[in-house]
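Got some structures for you, see below.
Both of the next two complexes hold subunit A, though its partner changes from subunit B to subunit C.
Up next is the complex of A and B:
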């Protein structure tokens, strides 16, 4: 069983990461800030104006440590990859499945179904925890959303091509984000949610969601690379140069619980307040440096929590889920598993 | 698993300082210095074999000594720190 490896986030402006023996050392203004043995980390994420030495980069590529560069605000810039790893036969099976409409539809169906059911679980949880305290219209809208998501989930199970499934996925997301505002228990108008906006996010909730999705994409992409799959060749997401379509596919089943619920608890528990955000001239809302740190700490803590994996029936840390799901997908593509078992939260 | 490594290297003997450097280097590659000559190393069994082999090769067993304390998978819980130079929890969030 693979250990859940830590991720190193370099966020301080001007920080420089270098290699010292088998340690990764982060310096700010020539003073050592952090030192960690390389075998304990699985990835380094660098924000904004931070850098790392060529020696460290070479070492990470040899050791299979993923390096991701993000802009100051967490937008994905680049990923540094070593030689293509993994099994060429697995990759060939992946491409063949992507070309085969029936196989592609089966994998897509699993992913879309899991996402919809997981979205419904977030709705149900809100109803269970806060339903009593809600006014009647809000509760009725959540109950209606729950019923509609159940209906969409039933329709997903019927035979359809990838395009039909994409339509259902869009429909489910529209229902889900239509009631997302009711998940936010803070009365503060600062945290009202009026629909999903991205590139750039136009309100604090969207800023938080976008940032968490970026972090999750990094993890999904590394997981796929690790098992030897090509993160660019997806099923649900159409192929586009430079787009990690399969990483985005894998992301879908995790979004509701790993990103959305974390964003909600950060807001509802008051862990991030209005001071964690900054509004730019063009209307974009972004996290401040301190806000980002709060989110990163919460994210890393969340990944250490354990749950019982319903398919492999073992206790695993949440941070390991992308790796496990990538492994299960690889086993399905190789023909060892009849279907792809997505992660569904109870 | 968490392994605590402590060492005593006789630096007055010929080659002593070099042995001390090599022992410290090996420990640092796999763990965190928590006090002078004391390291905490979070390693899996394969990594432990590699570290131990490196340490055994580095010392002169006539003059130097090594002590290993195996604290197990939940080792962090068995450690309490008081006073200056608090160590960092390397399994916790790593932000710099």
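Up next is the complex of A and C:
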């Protein structure tokens, strides 16, 4: 297992990352801006017009360090991949499971169940921390959402095919995002949330969520590749060329705590304000470069926090969770485990 | 194809040869062997590391001639009989009556072990050398870095039989594509570089994920901060 390694985010326009001995050096206008030991890096994410040297690329591919290019706004552009590695038998088991309706449904059930109860945990947490200070209608709507998510969780546990589970997942998300605005404690109307919009995000909260989901997708994708799974062949997410379906599957159980709650605390603690966003003429809202930096720093800090993994019963850093879950999924697909134990936050 | 090959060659062609190192991995732990050679889990890293260690060693061990003994280092070898291939650290060519006799020496960083993994690996090398040189190889040696001592190993019938049996078991494991279930043994597991990937503790304890999942939904303590 890799140690908890950091992701290097290269955000400054024109920055160039290269390898210098055992170090990675980032230069801007030929001036050295950053120098970190190469073995400390677990992934490199490049934003906009930034680049890296072939030597560094080769090093990364050898060491299993994921390299991802994003547009300056954080849209996924490309990922650099070395020779196909890992294990063909595992990938075959993965494809077979995807085509076995019962197996696919069992894995999907674990993932959807975890996402739903993790969403419920966010609702419960808001009720516990802020319920007393809320007006009655807000509190009642959160309580109703909690009850509905509990009901959906019970229905997820009943036998159903993948399609049925997709329906329940959609229902849970509708309930959850239906009360998402109540999670935001800032009175500023700038941060009102009126529903999920993705392409493009149409308000600041959606811009934050989309950006965090992109970062998380990068981590999930590289985690799956590290354990030798094909990130494109998923269970919950239908196959679509170019879509990292399994990475999106794996993402689901992490969304509420790793992305949503981080977005909420950035807003609620005033770490991002209106100046962190930019509204385009077409209504799309994007993070500014400074806004992205704030989020990246918070994200990296969050990844260093530790928690007790409920299944493995060991203390692990949050940044390692995608790797651990990818590993557990691989162990299930290979038959070491009779099911996939998803990450459930208590 | 020689008489020996046609008589005792296991199925398949050169692609089916298993790496010599797999025998040692298997004797240490069949699951470790499968993780490395079947799942190819972190194989690149592991082999990179092993290769580096070996090269450091062979760099020190130039092919040399001393007291009439010629030493070949990093010699590629294979045995059709065992169905293995690999690289011998060092093979000394001893002058024997009538012909030269290869004498394999394997260099180990640690110390002599209770299990016979090192001897089996050396014996497999000897059997490969016998096939390739067409002579008997009755003896070799293991050199341990920690004790800095050389232990002679006689390739007697019991050791040869064990080596043949282990090679068959390793082949069967690798061909099955299945990874043996873990069993946690503190001393062994904590020394294993694949510990975090193997997760023997949790995987031998927790077989029923469905009940775990149900239980973890039932006991609902108050939310705890993460």
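Methods note: the second predicted complex is superposed on the first by the 344 of 346 C-alpha atoms of A that agree within 3 Å, B and C clash if a C-alpha of one lies under 4 Å from a C-alpha of the other, contacts with A are read in each partner's own complex, and residues count from 1 in each chain.
Everything that follows uses one rule, which is that a contact is a pair of C-beta atoms (placed from the backbone, for glycine too) under 8 Å apart; a residue touches a chain by one contact, two chains touch by 3 or more.
As the structure is a computational prediction, the values presented were derived from the model and not from experiment.
*Asks:* For the combined arrangement obtained by superposing on subunit A, do subunit B and subunit C clash, or do they fit?
*Replies:* fit
*Asks:* Check the residue A:344 against both partner chains and state whether it touches subunit B (first), subunit C (second), both, or neither.
*Replies:* second
*Asks:* Between subunit B (first) and subunit C (second), which, if any, makes contact with A:193: first, second, both or neither?
*Replies:* Once the two structures are laid over each other on A, A:193 reaches no partner at all.
*Asks:* If we overlay the two complexes on their shared chain A, which of subunit B and subunit C does A:10 touch? Say first, second, both or neither.
*Replies:* A:10 sits against subunit B, while subunit C stays out of touch.
*Asks:* Would you sort A:22 into first (subunit B), second (subunit C), both or neither based on which partner it touches?
*Replies:* After superposition on chain A, A:22 lies in contact with subunit B alone.
*Asks:* Where does A:121 make contact in the superposed view: on subunit B (first), on subunit C (second), on both, or on neither?
*Replies:* A:121: touches subunit C, not subunit B.
*Asks:* Please name the chain, subunit B or subunit C, that touches the greater number of residues in subunit A.
*Replies:* The partner with more contacted residues on subunit A is C.
*Asks:* Looking at the overlay, does A:41 come into contact with subunit B only (first), subunit C only (second), both, or neither?
*Replies:* It touches subunit B, and subunit C stays clear.
*Asks:* Rounded to the nearest angstrom, what is the minimum C-alpha distance from subunit B to subunit C in the superposition?
*Replies:* 9
*Asks:* Enumerate the contact residues on subunit C facing subunit A in the complex.
*Replies:* Within the complex, subunit C touches subunit A at residues 38-41, 44-45, 48, 177-179, 181-182, 196-197, 199, 202-203, 206-210, 212-214, 216-217, 220-224, 226.
*Asks:* Looking at the complex, which residues from subunit B come into contact with subunit A?
*Replies:* 25, 28-32, 41-44, 47, 88, 90-96
*Asks:* Could you pull out which subunit A residues touch subunit C in their complex?
*Replies:* Residue list for subunit A touching subunit C: 1, 62-64, 85-87, 89-90, 110, 113, 117, 121, 124-125, 128, 153, 157, 227-228, 257, 305, 307, 310-313, 318, 327, 331-332, 334-342, 344-346.
*Asks:* Okay, in this complex, where on subunit A does subunit B touch?
*Replies:* 3, 6-12, 15, 17, 21-23, 26, 28, 33-37, 39-41, 293, 296-297, 299-301, 304
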